[in-house]
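Below you'll find the structure I mean.
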Amino acid sequence: MPQPELLEIFPNPHPGRDYEIRMTCPEFTSLCPLGGIESDATELALLKGGAPDFGTIEITYVPDQSCIELKSLKLYLWSYRNDGIFYERAVNRILDDITARLAPRWIEVVGDFNVRGGIKSVVTARAGTKGP
Amino acid sequence: MPQPELLEIFPNPHPGRDYEIRMTCPEFTSLCPLGGIESDATELALLKGGAPDFGTIEITYVPDQSCIELKSLKLYLWSYRNDGIFYERAVNRILDDITARLAPRWIEVVGDFNVRGGIKSVVTARAGTKGP
Amino acid sequence: MPQPELLEIFPNPHPGRDYEIRMTCPEFTSLCPLGGIESDATELALLKGGAPDFGTIEITYVPDQSCIELKSLKLYLWSYRNDGIFYERAVNRILDDITARLAPRWIEVVGDFNVRGGIKSVVTARAGTKGP
Amino acid sequence: MPQPELLEIFPNPHPGRDYEIRMTCPEFTSLCPLGGIESDATELALLKGGAPDFGTIEITYVPDQSCIELKSLKLYLWSYRNDGIFYERAVNRILDDITARLAPRWIEVVGDFNVRGGIKSVVTARAGTKGP
Amino acid sequence: MPQPELLEIFPNPHPGRDYEIRMTCPEFTSLCPLGGIESDATELALLKGGAPDFGTIEITYVPDQSCIELKSLKLYLWSYRNDGIFYERAVNRILDDITARLAPRWIEVVGDFNVRGGIKSVVTARAGTKGP
Amino acid sequence: MPQPELLEIFPNPHPGRDYEIRMTCPEFTSLCPLGGIESDATELALLKGGAPDFGTIEITYVPDQSCIELKSLKLYLWSYRNDGIFYERAVNRILDDITARLAPRWIEVVGDFNVRGGIKSVVTARAGTKGP
Amino acid sequence: MPQPELLEIFPNPHPGRDYEIRMTCPEFTSLCPLGGIESDATELALLKGGAPDFGTIEITYVPDQSCIELKSLKLYLWSYRNDGIFYERAVNRILDDITARLAPRWIEVVGDFNVRGGIKSVVTARAGTKGP
Amino acid sequence: MPQPELLEIFPNPHPGRDYEIRMTCPEFTSLCPLGGIESDATELALLKGGAPDFGTIEITYVPDQSCIELKSLKLYLWSYRNDGIFYERAVNRILDDITARLAPRWIEVVGDFNVRGGIKSVVTARAGTKGP
Amino acid sequence: MPQPELLEIFPNPHPGRDYEIRMTCPEFTSLCPLGGIESDATELALLKGGAPDFGTIEITYVPDQSCIELKSLKLYLWSYRNDGIFYERAVNRILDDITARLAPRWIEVVGDFNVRGGIKSVVTARAGTKGP
Amino acid sequence: MPQPELLEIFPNPHPGRDYEIRMTCPEFTSLCPLGGIESDATELALLKGGAPDFGTIEITYVPDQSCIELKSLKLYLWSYRNDGIFYERAVNRILDDITARLAPRWIEVVGDFNVRGGIKSVVTARAGTKGP
């Protein structure tokens, strides 16, 4: 299960300036709650869970008082490994979890997921406002 | 014949937020109603239909109350396989069919078709309005 | 000589919507009226015309009542093959010829020509207005 | 069903020389006999056949007395469109059909098929002997 | 734990010919038994296992009497997901498991693993002999 | 019509050494004698010849007493512009014409032609022997 | 330790015009103050400092009265080589040091750092205002 | 020394329309007045001038009454070959020289220079106003 | 100074088989003993050493009784960071140090160094014999 | 005029081993003795020499007792800047000059020259023998 309590922050070294931080993790993996577009019941019984999904998570934010600690972000994203979750929900949940911990001025989360059933999916969500 | 009744939806897990979903299918194929720019009558008689067209369909939308179920989208796009349809009509029809079923806040459909007669074609249509 | 009478149109299948069609022809060739930057008089005498130019023509438009028929566009572009014409004039002429036949809401023609004398040239012209 | 009778040949214009001809078709499509790794029974019922497969077929040969006529090769490859066939069988069958009709000195057929179930497949078969 | 019993085979449709089959899985993931080059004890305690490794497994073989069934290969590779194993051992084990089940004429397994500690690793093992 | 008399040579500046010269012309164009895979009779009547073919010609050779003069090669390749010729014949003819004029120790001609009917063709011919 | 006193400037040759200068250094390296996401205490004792970080620094500015002397910028960036500093602080410090010395009309500094712990980081900061 | 008198113009074939012309020369070379970031006094004595600089010059403009003649632009850019000039001054001078001769509605000159001292430089200057 | 004592090994998990391991480190950096092709005495005085060199080290080997432990290789390569060494000597030294510790059946070290003075260098050395 | 006396060598640090060094210079430029395929007499009068040629020179060798000093190679290649020389002669001359100074066990020189008259040229020469 996703563990938002793993996320750690440190003080923004330059809070007086609007600047951007982008962190890209090409090794995101979770499970599809229903086995996904490409699996049937026999396969799921074998796996005792859903079929694995793979993708890249890209997080861009304008920090306010805090920055995300990189190692803790890695651990937080690892916590989806054996969790069954849809693409749309995963991206919105990552956005909500980080926003709750970090309170950034602006944030965007992009989930770029591998081809399933011959179709590739990209989900993009944002919160906050960019400075003028 | 295209079968819009194959399209299924599920409730948007985060309807309070404007966010984007992009689904890209590089395996779209249909037939050209007149045999197409590269075929003559003899060929068409053999095929009992038009010459095959190939392309990539990219669908981007901002969901309102619903999201497209990925497997059903795959089946819907497969239903063009033995249908004779022009590029311009195919892209507009996909846009109309999905809009009718999904009622998204905003949607764009891009059909990027393979070279025929030394010419490559891309058709792009949109409906709805993007949030501010 | 360019033959605009080769251009054929068909009725726009969705005239109620602003949408874009892009057709890209990477096999455009014409002759340079003066032999071009890379040829001298002896060569031109041999060729009984100018040196060959090569390039890609990309045509993007928003249709109004009509669309360009793809096969006729191919033939129209072939009609430049043995015609001597400068880059700037060719792009503007293609724009004028198609506009006269098609009356699109908006149109752009890009001519991306191969290196001559170590210099690459791209000419871009537009007509009409894009919808809001 | 594959129609090898569509294949036509013409006399090799230079039979005294060992030389190679490579023809690449990136628009090959067939059906998977069992619905494939990514489909279940419900989907197959809808499609009245198997799930579509897509790939690139690359044929390289050293001609002896004959060459393959390009248009007839196109029609022959089209004849797999609604046929259910496994990758391994398709590649070996194309090799056998062309060899029977063409009697080349040497031939290689490569089938490079799109990702299914997160796995990409390439099948390569050869017949005959290359000259020293 | 890797489950070689998941691997299924089907009869080679053309056993009289030496030909090659290559299957590439870019979604391989396992765990590092000691947490790996980039993790410390605190992280491992959180994960109740090792740090995740990611890579691409490419399997090429010349079939003898049997071919690997694609869906079963997918399930077999999934069975490494929560298993702790070093790169060198994983590649050799996949080679041994498939060889035991398939008895190919020749086989090669390449594991191309993602950067860890600023260093990328590729392990390549082979068994059997290629025909002349 | 191809004009081999345009080809000029100059003395090899280093005849005592086996070395290679490769000249690549990405702007080769000719006509297809029958209009080609993508044209019908109406089109051909308009063009008073065949449909245009496009490709890249790559010539590699080990000179003996002479080298090809670059400008004359350009003119020679231009002389195919309005000539109807099949791919296989064009490549073999270029090989024969250059060999007759140049008498190289070894030569290879590759014709890499653009997609026609969804199929790309590459023809490769060689003459002479490479030094040990 | 970073040495801003190494930075040298020269008079802007065209102060009457708003124009942009972009300098990209793909060879930036510094140390991570805590050893970084991928190192433990044993490693750091060996290195008598932190683990090395690598990245590309891209500086874009609109000059006012002065331009940065390229050689002095190289030396200034070298001065981070054995300094322990976080990504966020490094980018903001480079921006501040150059701004203090150069007083540009507008400036942007992008630090694009290599993957650590499977995550890539890019930090972007700006100062000043771009002309209308 | 740069020779702006080499620049020649011809009448714009379509002065009634705002359109763009882009000319890219990847073979620009000049000398660095002080020998440059990578050379010392001994080298410069050998060269009787500065160290060579290399780059790509890209010129984009909206013509008014005239267009630049391509061959004359080639000669003008050649005239920098043995001239010692800084990047910033070269780009602004090319902009000034062409503007003086051509009087375009809008013009942009980009100088993209090769790596020196591990740093790549790009200088971009503009003049005039783009139509609405 | 390079510290070969940092290199650690572990038992080869499959010593009965000839297989290959390739490890690529794109973050190698050292100093040039004389300041390098691009620096003068003033710069070197500032740096109290030579100018930094950057490159990628690729190590491929066939293990005998042992494999290199990945983390220890990372530390060993870090130990060149503040060492002055020429390209040719660095590659041969890495080969000698690893061979002394590992005793592989075959090994190759490639050092691919960044552009200096407009010239890129690659040094490749090998030891041992590859199995038949 | 090319100045082979600029070439300097230093002792091979590992003469007991056959290993390779490759140096690639993408900034080679010379003049064409006759003005070249793309220039006429008027241009040449302006330039008081031939038209400029550009290319990449790649030198690979197995050292015997000596290695080429990198800075001296840069200066030697610069000495072709204002020299009129054909491609074939330039590559053979570089091979001869370096061989005379360096006496390598084996050496290859590749000159990869930019497009002239729509044709790209690559010249490759070798001397000596590679070890078994």
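Every chain is named by a letter (A, B, C, D, E, F, G, H, I and J) in the order it is written, and numbering of its residues begins at 1.
Throughout what follows, contacts are C-beta pairs under 8 Å (C-beta built on N, C-alpha and C of every residue); 3 or more make two chains touch, one makes a residue touch a chain.
Keep in mind it's a predicted model, so treat the numbers as computed, not measured.
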Chains in contact with chain B and also with chain F, listed by label, are C, D
If chain F and chain I share one sequence, what is the angle of the rotation that overlays their CA atoms, in steps of 5 degrees? 145
Sharing over half of the contact pairs with H-J by residue number is what counts; pick that pair out of G-H, B-F or A-E. A-E
In whole angstrom, what separates the CA-based centres of chain A and chain J? 52
What is the distance, in whole Å, between the centres of chain F and chain J, each centre taken as the mean of its C-alpha atoms? 29
Distance between chain centroids, defined by C-alpha means - chain F, chain H (Å): 37
Per-residue overlap in chain H, given as positions that touch at least 2 other chains: 26-27, 37, 54, 71, 114, 116-118
If we use the touch criterion from the header, which chain pairs count as touching? A-B, A-D, A-E, A-G, B-C, B-D, B-F, C-F, C-H, C-J, D-E, D-F, E-G, E-I, F-J, G-H, G-I, H-I, H-J, I-J
Would you tell me which residues of chain G are touching chain I in their complex? 3, 6, 26-27, 29, 43, 46-47, 51-52, 54, 71, 75, 78, 81-82, 114
Within the complex, which stretch of chain B touches chain F? 37-38, 40, 54, 114-118
Which residues of chain J touch chain I in the complex? 12-14, 17-27, 63, 67, 70-71, 73-74
Considering the complex alone, what residue numbers of chain I touch chain J? 37, 86-89, 91-92, 116-127
